[in-house]
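So, here's a batch of structures to check.
Here subunit A shows up in two complexes: once beside subunit B, once beside subunit C.
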Partner chain A sequence: MAEAAESVVGSKARAARTVLGQLVLPGEELLLPEQEDAEGPGGAGERPLLLNPGTRSRVRVVCGPGLRRCGDRMLVTKCGRLRHKEPSGGGGGVYWVDSQQKRYVPVKGDHVIGIVTAKSGDIFKVDVGGSEPASLSYLAFEGATKRNRPNVQVGDLIYGQFVVANKDMEPEMVCIDSCGRANGMGVIGQDGLLFKVTLGLIRKLLAPDCEIIQEVGKLYPLEIVFGMNGRIWVKAKTIQQTLILANILEACEHMTTDQRKQIFSRLAES
Partner chain B sequence: MKETPLSNCERRFLLRAIEEKKRLDGRQTYDYRNIKISFGTDYGCCIVELGKTRVLGQVSCELVSPKPNRATEGILFFNLELSQMAAPAFEPGRQSDLLVKLNRLLERCLRNSKCIDTESLCVVAGEKVWQIRVDLHLLNHDGNIIDAASIAAIVALCHFRRPDVSVQGDEVTLYTPEERDPVPLSIHHMPICVSFAFFQQGTYLLVDPNEREERVMDGLLVIAMNKHREICTIQSSGGIMLLKDQVLRCSKIAGVKVAEITELIQKALENDQKVRKEGGKFGFAESIAHQRITAFKMEKALIDTSDAGEKAGEIIAEAEPPSEVVCNPVLWTPGTAQVGEGTENAWGDLEDSEKEDEDQDGSDEAIILDNMKMDTGVELSDTGNQDATIVLSDSEEEEMIILEPDKSPKKIRTQTISAKQEKVPSKKPMKKRKKRAVN
Partner chain C sequence: MAAEHRPKLSKNLLRMKFMQRGLDSETKKQLEEEEKKIISDEHWSLDLPELKEKESLIIEEQSFSLCEDLLYGRMSFRGFNPEVEKLMLQMNSKSKAEEVEDEAVELDVSDEEMARRYESLVGTIGKKFAKKRDRANFEEDENGNMKKTKTKKVFL
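Let's look at the complex of A and B:
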């Protein structure tokens, strides 16, 4: 740790290109490829880059989670590995930091599992694990009208989507898509088990090429819901099976592919 | 920040699982979670882990004037803090009901049971006595704080050494640790709290409830006992009616658990003592592997390149022409083979993301100092190592115990103790890891 900090202090700014996939620490400054060419590594700290705007072509770069723009500089705000995605069109692509964390920060469009904590007037307060509860209108359910209210009790689980998620503002959830269809969202059944995992594991499980879900599905028939806020709801036929599934999914975080396959084959036998 | 509410579905599931004699983490009804005790560099400092619940204990001493009504007795002071680090729901600087209850229980368990000889803490009667202060900090909250805190308190007290004093006439001399070895406190017995959670009006009983079980329980019974089966404190909360034979049964279970825990504590203390005497590495600062966070990063080495050109020319001149292409397949890792030399193997690419994750896990573990530390150490040592699979399947087995109801709880206990034994003088795996870092 000390050594890492030293290396950060020692070289003022590293080129983003050279640290791809490596560990970055909060407060570190990264240089984009264009800046690097113009000034060489380490030069950005002393001289503002804006002094010669005409000499360089402007490239559009997106700062993803864990990075923030500060004037002309790109700063790291989270500890983790730097990732980069090449753009499909022109531009500099997307940079982000892959970090392991448990605290969820609401993001617009994310599908999450929330717990209803209060009913007040025509909105529900839903705990999603963020810094403050999200609000959910009772009209934001499929087929809900002023007369026909959805049957939601305090303590129920809700699978919904964020439509408003701004900094310093109360996030807002809905359980319908833009066409007014439920599309799988709504109140989750009374049975089953809810448990929490890290956000990194959820992202891993929801990745399009993730095999874990298929493998789990082969073990037992199950119902499963993943919330981007690190919550998983799972239900199998019996309590025992539900517990096994929950424990396996939790354990998946610290297993290699080989180990996982071994366990799954052993479970399939028993 | 408000506590995450418990959903109806969790509550229902938990109660149904308890009815079926199953627990979330696969324990049996009377099982404790794994207990791990590690010591700090200084005397009187320890961290006790009870599953994911962690408590830091620190003992300090001071010379003060005694209470006028007890002129020949030292003073004991206990303080448990629930910091926000343990759980976001704990508010800093506020005496919550839970905190008051826990502190009171701890005091009753340790001070009122007279486990520490306060008379031996007297220096000059009526003028100077030692005040022993035990500070306990909850570092992570996953239920059953009181058991973890009582273990941490007694372990820290057993580990603590106070400076030696001598009295000659009116003259009191206080010796520094260099002049005279510090002296341990005289401890008569070790009271340890054991918690029992009751569900469905006392129909079901669980030992060592975790956080979620604590939330759905109806009542709690805490029994503090020492290994001589003397009850030091007993407290029932939650307003539940208990039958006489239920309490008797609980006290019997408590006796067994306390004996196990006392044995574990003594073993940990002995191990620490031995390591200190041998001058080996001790303390939890030492048990955290150094620089693991950067272990996967290549450090750039400064190389003298002044005569690199000539040297390279020499080497090229002397070198034999390159050998022919190797036709035997090369096995990099199980499941990833390569035929031919120098060619890019596309097989590894498939598992790339997996590997990165594996790396991340490694660095993660270095920080949280998990039980699995040694296992990952071996796992990372090299690909396809035979030992690695054995060790990991071992830890897997513990997972399997979680899932299978018919293994005896005794076995788990012995496993943890043996794991503990291996851990404390953990010079071997550490060395191994260091070597790798150099490579």
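Let's look at the complex of A and C:
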């Protein structure tokens, strides 16, 4: 069975450790460190004799986006670079594929920006850019009760997170956390500008050590909301400033550090 | 000859209780087996190979924010929206603060202070549960601590 699967893929499974930071393709199988010694270099033919094969180190490994568990095997489902994060305490850490894409697929726990498209009874329909609009209960707002409905109109922007995001089900959003507090979620204020970027850029901008955001923050008073679904909402004091901000954020995806510094220095002068 | 010509009784009739006395052991067994078969046929079961109970060592997690430690998505700079700025500090420091907190758990009340507090509490609570006539036995000493002065009278 395993041989047949391998022939379909066309190449032998590679060890996850050896391809870190390298390109992986959908359909490829990755071997975890503890599987390497059994199936790795020697192959199935000349397996080294283990003294006590039952007690192999059992560590938990998390396979993140772009990877899928298939029984005991880890398969790649997206094209991109393989990344790994060392665990903070024990375990095998996290593997994921750093890929570029524009289409958003809802993921449980993600914070996204949605547009309210319809109001029907108890729920709002929210467009999040996925294959299907998400549903949002009117009770899923801070301080909302049956009598005290939140003031949400069709066309409003909602910043919320997914509580249900399954493959074949309608995703469900909420605007409160587990404690019932809004924590910044809910309807995003008036005005401002919403635009779409790639999902990779959002992750780049939200990275903890992102220089772009730090530099942007020094320009002038402004507010930004990032949705993991590739939507960015910006607002500054004037329309001109808002547009400049949007253009910078859009353009910085494919700029080198030097180019970016040049533009920021030019902006600071004007 | 007689046995061959004996008319065959229907199975349903043989299954009745009063008929079972006269049956020989072989037919009895046969009937029981058939009954078991009928019962087991009536139970539904999935025609699947037995699932192997196996602990999986790989956990699926499709969220990028956990993998890459992404920041909170709302940001405000230079006082544009003070509310969001406060929230930003709170949400983004959460991950860092947790690590620090684990190392140094600050105590509001030291262990010694706690012990002293409980020492005096024993007397106070003891008085509460004493009966009215026993309450006189409790007297406050100079430290303000409750103390039992008299021992209970018992028959000798």
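As a working rule, the second predicted complex is superposed on the first by the 243 of 270 C-alpha atoms of A that agree within 3 Å, B and C clash if a C-alpha of one lies under 4 Å from a C-alpha of the other, contacts with A are read in each partner's own complex, and residues count from 1 in each chain.
The rule is simple: a residue touches a chain if its C-beta (ideal position, glycine included) is under 8 Å from a C-beta of that chain, and two chains touch if they have at least 3 such contacts.
Since the model is a prediction, treat every value here as computed from it, not as a measurement.
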item: Partner chain in contact with A:R81 - subunit B first, subunit C second, else both or neither; value: first
item: Subunit B versus subunit C as contact partner of A:R14, first or second or both or neither; value: neither
item: Touching partner for A:T117 - first (subunit B), second (subunit C), both, neither; value: first
item: Contacts of A:K125 with subunit B and subunit C, given as first, second, both or neither; value: neither
item: Partner chain in contact with A:R203 - subunit B first, subunit C second, else both or neither; value: second
item: Overlapping contact positions on subunit A, where the subunit C interface meets the subunit B interface; value: 207
item: List of subunit A residues in touch with subunit B within their complex; value: 1-4, 21-23, 81, 98, 100, 115, 117, 127, 129, 131, 153, 155-157, 188-195, 200, 204, 207, 209, 233, 239-240, 242-244, 246-247, 251, 253-254, 256-259, 262-263
item: Contacting residues of subunit C [partner subunit A, same complex]; value: 56-81, 84, 87, 91
item: Subunit C partner contacts - residues on subunit A that touch it in the complex; value: 32, 34, 58-65, 67-69, 72, 74, 83, 85, 92, 94, 96, 107-111, 159, 183-184, 203, 206-208, 210, 213, 216-228, 235-237
item: Complex interface listing, subunit B residues touching subunit A; value: 1-2, 4-13, 16-17, 20, 22, 24-26, 291, 293-294, 296-297, 334-335, 351, 353-358, 360-361, 363-365, 372, 379, 392-393, 396, 399, 402-403
